[in-house]
Structure formats: C-alpha cells, structure tokens
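Have a look at the structure below, then the notes.
Which chain is which? They are A, B, C and D, in the order written, and residues in each are numbered from 1.
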Amino acid sequence: MLIQILLPGLLLSGLYALIAIGFTMIFSVGRVLNLGYGAFIMFGGYIYYQSAQILGLGKVPSFVIATAAGVLLGLIVYVILIRKLKGDAIAIEISTLIFAIVTQAAIIVVFSPSPKSMWPLIPGVLRVGDVIVTYNLVVAAVTSWVVLAALFLFIGKTHIGRAIRAVSMDPKGAVISGIDPDRINLIIWGLSGGLGAMAGIFLATYTQLAPAMWVAPLIIAVAVVIVGGIGSILGGLVAAHVIGMLETITTTLIAAELRGVATMLLIILVLIIAPKGLFGKAEL
Amino acid sequence: MSYFTENKGFDTLSATSENRPQPMLEARGLTKSFGGLMATKNVSLHVNPGESLGIIGPNGAGKTTLLNLLTKEITPDQGSVFLNGNCIDRLSIHKRVLAGLARTYQVPRPFHDLTIQEHIRVGMMPDGLFDMLLHGADDEKELKIAESVGLGGERAQQYPYELAMGDLRRLELVRTLATEPSILLLDEVFAGLTVKEIDQISELLTNRRATHSTTYMIVSHDLKALEPLVDRVVVINFGEVMTEGTFREVVADTDVQNAYLGTGWEQE
Amino acid sequence: MFAKGTNKGFLGWMIFGIAMLALPLFASSATVRIFVFANYIAIFAISWDVLSGRTGYISFGHPFLIGIGGYTTALLTHHLDMPLYITIPAAVLVTMIAGTLFFLPALRIRGTYFALVTLAFMELMYGLVQVVAPDITGGTRGLTGLPSIVTGAVSNYYLSFGVMFTLGLAMWLLIRTRLGTALGSIGMNEEAVRACGLNTTKLKLFAFTLSAMIAGLGGAMYIHYLGSIAPRGLFDVSFLFTILVACLLGGAGTITGPIMGAFFLTLLLEFLRPYIPGSERYLIYGVATLVLYVLQPRGIHRLIQITVNWFVEGFMRRKST
Amino acid sequence: MKISKSSKLLLAVAAMLLGSGMSGSSIAQDKDPIVVGYIGSFASDTGLSTIRGAEIAIDELNAAGGVLDGRMIKFVKADTREDVAEGIKAYEYLVESENVDFIISGSIDDVSLGWLPRMAEYKTPTLDTWTSYVGIIDLVVNEYDKYKMYFMNIACDEALATLYIDFGKDVLAKEMGYTSTVLMYEDTAFGVSIAGLVEGLLAPEAGIKISEKIIYDANTVDFAPLFNKAVSSGADFIYLVSSVRSQVPASQYVKLQVPIPMTGVNVAAFGQDFWNDTGGLGAGTSTLSPVPSVGMALDDRSAEFITNYKARYGSERPIYPHFNGFNAYYGIYTAFAAAERAGGFAPLDDWIREMENEDLKLYKDGELWFRYAFWKRGEIEPRTQREYTHNVKFDITPPFDDGSPAMVVVQWYEDGSSAVIYPPKFATGKFQEPSWVK
C-alpha cells in the first residue's frame, strides 16, 4: 500500500514542481502573478504536438522548438504587456488573465476545441509490484529535479543569478547597485516562458491537449507558490511534493473525487494560517 | 475626546504611587524582541500634560519600535502603556487614536488619490458608519485646519504627487492633527528635508505649542532641530533608556556622546 | 452630505436613466434582450467595485457570492416551491452571511494573496456543488425550469435596469459621502486609515456585506431571469473574467466605470455575432479588450474624462480667441 | 487548414467592417424563406456533426424545390461555446433577431437545460440531437403543456444504460467469464447517474459483482493511482464512465498498459477522429455509443448521406459524423415532413401533433435498421415500464424490430479499426481484450 502512494506521489510531485517553477520565478522576482502562465504551458504543448505529431519533426527537435517558442512567447508578453504596465500588480494580473483567454480563443480557432491525446515522450511503463508508472512521468520528474538544481546553481553562482536575487529582494536597492531590473525581468519572463512550455510538453504528453487546459496547471502553480511561500525555490520544491502527495493520498486512501477540494482547502488554510507560506520570507 | 466617558471597560490603575502630577502618557517596562533580537528592553518613561518630550538615540536604537509599541502597531511582549492613568493595553490602534494618542510616520503615508482637504476629512472622520454616511464634511473646518499648517486655500485641493517632501510632512502632520489628539507622537519629522523645510516645520511646531495645549513626544536624531522644541529628552540606546534630563544635561553626558560617536554627532 | 460635483454627475445619471427608459421604444426586442444581460453584468460589476474597487481587496471569487445567492433561491423554489418574495430575500441574507465568511481572510491578508483565497473559494464551491448531494443541487447539469419574476424581454429589461440603476446610483452616491472617502482610503493606505482613528475592520466588514448583498440580489434575480442554474456557468473563469474585465476596463472604483465596462463588453460580444458567428468572435473580443486595457489601465471612465476635458478646453480656447 | 481558418477570420473582420450593408441585403426570393436555427458549439466535433447533418438535409430539400409550396430554407447558426449563459443568449438571438421557425440543437446537457426556459417562453419548436439526459424527457412527461415543443432524437441515457446491462450479461459475464468489476466514474452528473443505473442492475441482472467503486474528480491529471487501486482490488475488469476529457483515462490506460480490460462509456470514443486524437492510444477502448455509431453497418440512405458528407467536407474534422450528425440530417427531414402535413410550424399544436405522428423507417436487407419516430404521450415502454414522451422511439429488446437500438457497443482495435460488437444483430466484430492483458 505504501509504495502505491509513495512512487506515484513522488513522480506527480516532480511534474508539479516542474509546472510551478516558471510561475514561482516571476512571482518571486516581480511580486506579480502571471495569470497567463497557463498559456505558456498550453502553448508549449500545442507547438510540440504540431511539430512532433502532425509535422513529424521528431521528438528531440520538437522539444527544442517548443521550448524555444515558449521563451519567445514569454519575451513577447513581457515586452508588449508587462513593461507597459510598469509594475502595477493588479493591471498585470488582469492583463495576463485576458492574455490567457485570448490564447484559448486562438487555440480553438487554429486547432479546434477537441481534446487531443499525445504520444508519450518516452514510451513504456515501469512496474513495481502492482504499481505501474510511465517512463514519461519518471522523465518529467527527473527533468524537474535537474532543472531545479540547475536553477539553484544559476541563481546562486552566476552573475545574472545574483542580480536576479538582488531584484527579488529589493528592486530599488538593485537599481542603486547598477542592476537594470527591466533586463532582469525580461530574462525572467523568457525563462519562465521556456520552463512553462517545457512543463506543458510533459503535462500534455501525459494527459491531453485541450484549449481550456491552462486553468488546471495554473491552479497547481498557484497552490505551490502559496504553500511554499514566495522567494524560495526550495520551498516551492517542498510545496510541490506536499501537494502531489496530498493529491495521491486523497485519491488513493480517502476519496478520489475530493482531489481538487483537498488542494483548495489547503490553499485557503495556508493563506489564512500562515500567509507567508511554509518557507516564505517576504513581508505581505 | 469623550472616549473615556463612554468606555469604562479597562483598568483604572493609578499611574504612580508617588505624589507627582498624573502623566499624560506613561510606558512601564516595555519589552519586545524580534526573533533573538531585543528591540526594546524594559523601557519606562512618561510625558506630562502639556510637556514636549524628545526621544533621541542613534539609528537602530529602538526609537521607532518604541513608538510602534505605544500605538500598538506592535504588541509588546511585556509591559504596559497608560494614558491619563488608564491602562490602554487592550485598546487597538484606532481606539488609541480616538482616546487622543495619535502619531505621524517617518515615511509619510498619504492617500494617493485624495486631496489635502480629503486627507483632513479622513482624519476628522467620526467613528460611526451612519455618522459618516449621513453627515457631510465640514468644509470650513477642514480648510481652517489646512490653513493652520500652511496648506490652506487652493493648496488644499492638491494631490500628494504634487507635493514636495516638506509639504508631505505637513500633510502627514495635518491629517494627524485632524484627529484632535491630546498627545501627538512625531516620528522623525525632519528626515529627508532641506534646511529651509526643517526651519519651516520647526517654526510651525513652535507656534503651535504657543497656541495649543497639545502634548508632544518627538523622535528625531537631528538634535539641532529638536532642541528648541522639547522640554525634556530621553536617550535610548540598544533598546534601553540610557538617561534623561533637559536637552543641555543630556548633551553634556559623556555616555551619550560615546553612544553617538561615529554617527554624525560631532558634525552637529 | 455628498462631495462637490455631485450635482453635475447626478444630471448625467438622469440623462442616462431617461435614455435607458426610452430604449425599448425604438430598439428591437433582440437588442433589449442583450441589454438585460448587460444590466445583470453591470449589477455584478457594481458589487465588485463596492468591495474591490474601493477597498483594494481584489476579489477573484465574486462568482462564489453570486452563486451562493443563485443557488439559495434556486434550491428553495425548485425543491420547496417557495414563492420568490421569500426566496430572493433569503438568498440575499445567505449571501451576506457568506460575505462575512469571505471577509475572514481579509483580516490577515490582502492584495494578491487575498485575490487568490477568493479564487480558491470559487473553485472549492465548484467542486463541492458537484460532489456534495448532486441529487439536490443538480450536480454538474444544474437545475432548470426555475420560475421567472416577470416574462418577456421588455419587462425583464425594466426590472433589471431598475435594479441596476437604483443600486448603481445608490453606490455612486455612497462613494461621494464621507463613508465612501473612508472606504476608498483603505485601498490607498490601510495603516494610515487606522492611524486616523478609524476602525478599518468595521469599514471592511461593511464593504464586504454591502458587496455581498448586491451580489446576492443580482445573482438571485439573474438565475430567475435565466430560468436555470448550472455550476459550469457560474463558478467559472470566463464568468469571473467578464466581471473583472468589466470593472477594470471601465475604471475601477468609480461605479460608473464598471457599468460602462459591463455594457461595452456585453454589447461588443453581441454586436459581433451576426458578422462573426464562430469562435473567431471571442478571439477578436479578447484582443480588443486586451489592447484597450493595456492602452488605458484606468479604463473607459478615464478615457471619457480625458475626451470631455479635451473638448471643454478646446471650446474654452476658441471662445477666448 | 490553418490558412483557411485565418482567411475566414480575415473575411469575417472585413464583413464586420462593411457593417450593416450585409445584414440588410437578403436572399432575393419570391417567397419568404423558412428559417431554421442551429444552437450549439461551432467548433467542436459534436457541434459540427449537427451543423453538417442539418446543412446537407437543408441543401437537399432546397435543391428539390424547397418546402411548404416552394419556400426556401434559410439556415442560421448561433454559437454557444458550450457555455450555459452563452447558450441562453444564442437562443434569444435566434428567436428575436433571426425569427427562426424551428431550432435544431447540438447542445450538451447543461447548455440545453440552460436554454430550456427560453424555449418554453418563446414556444419555438426545438429538436435536440446530442444530449441524452433523461431529466429533460421527464420535464416533457411531467409538464407536457410547457415543454411539448421539445423533441429529442437520441435515445435517453436510461435506455442506453438498460441495454448496456444486457451486454454485460451476454458478453462480459457469459462469453468472457468476468465475475467482478471496478466501477470507476467521474463525479459529474452524467457519471453519477450512469454509474447509479449500472450499479443497480449489473449484479442482479448480469451477475457481475462490483468489488470496488472509484469516483474521480473530472479534472484528474494522473490516473495512475486510480488504475493502481483498481488493479490491486483483484477485479476482472474496469467499468469506466467518462464524459469529460475522456481521452485522458483512455490514453493513460494504454500508456500505463493496465493489465486488466476496461470497458464502459467513453464519450470521446464516439467519433472516428478518436483514433487520430489519441495518436493511436485509444486501442482496447470499448464504449457504448448512441446510434448510428462509428463502425456500424448502414442502410442505403444513410450510406448515401455519408458519401455526400465525405464529398463535401473531405478531411476537415470530424471526418465522419458522430451519431448526432445522422440525427440532425433525419431530424430536418422529419420536422419538415411534419410541417408539410401541418401546413407549417405554426400553429404550434398542429405541428407537434404531426411531429408525434412522424415515422421514418430505414431498412437494411429487409430488416428494420433505424427508426426516427417519437414516443407518444402516455405510451409506456414495456421493459422499463415508464413514459418517454418525445424521446426517439428506441428499442431495448431483441430482435430490435420496433425501433433503433438504444445503443450499440463499439470496440476500438489496436490496428485503428473500429467495429460494433453488440447487439449481435448489428455486430461487425468481436469484443477483444488488449494484447497486454494476460
């Protein structure tokens, strides 16, 4: 019974962590919610589908193309929308929400609203006793840990990383020390777009593509940010695991239909009891 | 303010056992720590009615924390605050204001979409929702209060973003004055001002002291500007009361001089 | 009692009221139907604006309040056959109680965090309606055949417009009283309001309850107008989107702005229909909204202000030369 | 496909800019046209099936000289975007702006329930081709005067489930020897009501024990824990009920190579595009389907309809109409046949009377294959002992010579083909377990 929870829970958590990273980054650095983050995920998934399944360009090139397209989309959103709104958090949240809805409408026009299933990135399954997990999910989880580790090093060890951290902690102070927050934000949005697209590929190859698919991962990302607290990559990782495990436990042991309800209750409780999240440092 | 006559729910301990005049505001043993750091340690002090008390000390000495403890923006770990001899520990921020204890902030906190006159309106606002709803603003009185800090006439229709730092301080002051405080706590009123602006604010306060009976507690590390405004000074260092006395006594104290060494004391 | 300039604005309201009262005389019943929807969206936008536009506590969960009102009256009429003059006030009351529940997180958190809790409330409600007692709530499919208050396009138009106009004008007057100033100042700097001796908890509770009351009334009347209720139509991002965007596109915190926003969005979408019947319509609608919003985040209200000022100034200049 | 979409978009914008010039001009005809409205989604396969079925029928009728003494039929459409409030607005638009005489609907359950009060208010004759919710039929049964203008020409879900139990008895229990199942269903009203019917009948009627029930959240991303739980329960097969995002459980079942068979209701598998949409990951799925389903042998007239459909729409999806495409095609014919006899769609009661008398029978090799007629008021279905007023005249008892079967079971094979496997009269293939099940 234990392995039935631990193994799938761990892998699902990995996928969730991957979904949340790009979202957490923007929130940590710019203190704004990118409610259009789900659109990055959806965009990545659809580009990959078009490239790999329709045009037949192969998995690896398609993966690269989709991720690059995500980076591009992130940059475009930043330049067209975010920069113009000059840090007005509410305006950014609303305009990114509208952006997500526009993306959904565009996807319907181009790809039709019918959901599409995709070939797994890595086919095959892993059997541990009675428990079955796909390699696809294993790879997604491993990728997310690798990406998180890389990001950890990037933020900690590189010059740009330190600049990002500085902007995250104190944007005004960063300006004084000669950092251009606009450039840092541009980099962050590009990164976030790419990471979102990458997560979208894993999510879509595991579940399906649909024009409304941006909502569910957005909620997961929001939950991870809230539970983990802002400004903490490690916190996000732990939170992704808390939520992934909670879902698996709810699904397996309590009642599968309460999966979403459990996550929502967790969000509400954390926000009311510990609004800074479990690992957050920032003031509200 | 008639607050006390309406609410008799709190302790009415006598302020002191000694036979001296009842202080207007008294702190007894205020202690607060953040994490492992003691921000204030067992701070006791008092302000007598009509008096103006200066609080000085180097940066990070705990002056602003003390103010926050007095107004309950921060709840103390230990210690009590008395207003006119009544313990007000259980009163929240806004109730303390209603009881006559008001403050300004070191960084002005204006309402960005309200005019100066509307700031005064918020300050004068009654406590009851129906009162707010049914009775309109007293235009004349608002303008008179604005006039008293030199923001009257056309200036009363200006928005915060149109104001220089000195005027923002006035705005902060006038909004607080509109609450008709019996004791006013001023936090770093001179910070970020030009010499000319300091003179203007200083003059404003001096004049006001001559015409009104308000009690003051003024926090500043600009000793020169503070000197003419205070009757007595309390020095705070490392979260503790170091010494107290008249301005001259305190300035002459060698311990105080040492505490201020390297913090710009000599230049002043 | 009211701030200066109220009289001039009041004149505007009267012109708006008369024009709208006359609308059914020259508009087709199809157009009138569109305006009924616009009126209801405007009611929801007013409700949102009273809470979020003024106090700065941005609600992403308004459909939660509207849904509570809608479901209360739907369940009471559908299962217990209770008359509307009991169920609608009951719905308003229950929504106001739910509004205080909504209020609890506002004691501790604000800004983005508050927005997220309210969003979680909406999602939670969506989940619960489907899972808990679906035979009573109608589950995913919802309930249909609910009684209507009045029938026909024109009567529904006058009913919805009357309520919208009354609420809108009342709220517009409210924000011009001292209470309105106090509520607005919370959105600008809550600590400073407290330092002015105001009980912000009481003020916020008032705003929440008032907003919930309007949402409950609007929600209850709306579902009786629709004649049916379904969770997917209510606790839904696109419904939330319409309300939020109506307010922000119109100009939050002004009451008149959100009403304009609600009309603009509803009419834009419907007038596009004969030319672009398919999915492309939503794309154009979304892009138009996005462009307009990014160009002027303070909304149509501000655009109109700028335009009017420009004309007035031009007129003055010409007069003086 | 992308190019045609974007050029359509450009045209649409241009049309919009031209403004009222277009809406003013009407088709020059001697007589006013009869207006048929479509309500439903524009872009989904479901919606497109109804639209195209109706379009083909209308063009055929117009080409044959029109209806009701040579009047042409004009077809107008209103998009619901599968949204309840949009559906109500769309219904209002059709009646108030387009003055439709008759509405054909491809709406899904809650959207139909949403506009139903408008239909009752406007008294517009309306025919639903997709939703099978028995609750709507119950409204017609219980409040006939209010909802009498409503017809549904797909067998309601209760009839679907009843016949499905026979499949469990005849095939799953007798032929395959299954004795226990895991009932896995989504937490939607559809899932709960179908599962309820199955649960009540499967054990007593078919002798299959339900060893475990798993209700899941319709937004579930990861079905691995659910399948793991199902497998460890030791049951012989999984009975899945899924209408929302049904490709997810179907494709994860294949991706995870779940070692026990799975059957049930999978709405996504109703269409021919299912195979491409799942990228071949639909193998092993079997589902009940309303008729006429994919993989089903057709009578001559229906076969001709398919020929026309393919000639007209080519490779644009859906490449083969869902059942509601047929329902819309025949629905237009029956509605106009009734209108011819009643002298039009008004007076309403005349048309309803004639629609109730409508009886379109389609034969294949001398056997009754499909039938588009409706249950009359007060008529009792012998097996379930209840009324189904204005539901299509389905048949749930072999030899199915009284109406179309309420449903058939469709099986998707691992080579991408599909076949009907039940009832035997319509079967073109056999029930098959996926190759990875030992």
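Throughout what follows, a residue touches a chain if its C-beta (ideal position, glycine included) is under 8 Å from a C-beta of that chain, and two chains touch if they have at least 3 such contacts.
All values derive from a computational prediction rather than experimental measurement.
*Asks:* Using direct touches as single steps, what is the fewest number of steps from subunit B over to subunit D?
*Replies:* Counted as steps through touching chains, the separation is 2.
*Asks:* When you check each chain against subunit C and subunit D, which touch both of them?
*Replies:* A
*Asks:* What is the distance, in whole Å, between the centres of subunit A and subunit C, each centre taken as the mean of its C-alpha atoms?
*Replies:* So the centre of subunit A lies 32 Å away from the centre of subunit C.
*Asks:* From the C-alpha centre of subunit A to that of subunit B, how far is it in Å?
*Replies:* 48
*Asks:* Between subunit B and subunit C, tell me the centre distance in angstrom, where each centre is the average of that chain's C-alpha atoms.
*Replies:* Distance between chain centres, rounded to whole Å: 42 Å.
*Asks:* In whole angstrom, how far does the Cα centroid of subunit A sit from the Cα centroid of subunit D?
*Replies:* 37
*Asks:* Using the touch rule from the top of the page, what residues of subunit A touch 2 or more other chains?
*Replies:* Where subunit A meets two or more other chains at a single residue, that happens at 108-109, 113, 257-258, 260-261.
*Asks:* Out of subunit C, which residues touch more than one other chain, so two or more?
*Replies:* Only 127, 131, 238, 279-280, 282-283 qualify.
*Asks:* Between the chains shown, work out who touches whom and classify the graph as line, ring, star, complete or other.
*Replies:* Topology of the interface graph: other, matching no listed pattern.
*Asks:* Would you mind giving me the full set of chain pairs in touch?
*Replies:* In this structure, the chains touch in these pairs: A-C, A-D, B-C, C-D.
*Asks:* Using the touch rule from the top, collect the residues of subunit A that touch subunit D in their complex.
*Replies:* It is residues 4-5, 8-9, 11-12, 15, 53, 108-110, 112-120, 123, 125, 130-134, 136-137, 203, 206-208, 210, 216, 247-248, 251-252, 255-261 of subunit A that touch subunit D.
*Asks:* Under the touch definition given earlier, write down the residues of subunit D that touch subunit A in their complex.
*Replies:* 2, 5, 9, 41, 43-45, 82, 187, 214-217, 219-222, 224-229, 231-232, 245, 247-248, 250-252, 255-259, 268, 273, 277-282, 317
*Asks:* Can you list the subunit A residues touching subunit C in their complex?
*Replies:* 31-33, 80-81, 84-85, 88-91, 93-95, 97-99, 101-102, 105-106, 108-109, 113, 215, 219, 222, 226, 257-258, 260-261, 264-265, 267-268, 271-272, 275, 284
*Asks:* Spell out the residues on subunit C that touch subunit D in their complex, using ranges where they run on.
*Replies:* 28-30, 33-34, 37, 127, 130-131, 134, 138-146, 148, 151-153, 226-228, 230, 232-233, 236, 238-239, 270, 272-284
*Asks:* For the complex, give me every residue of subunit D touching subunit C.
*Replies:* Those in contact with subunit C are residues 8-9, 12-13, 15-16, 22-23, 42-43, 77-79, 81, 83-85, 88-89, 92-93, 96-97, 109-110, 113-118, 120-121, 133, 135, 139, 143, 146, 187-190, 192, 217-218.
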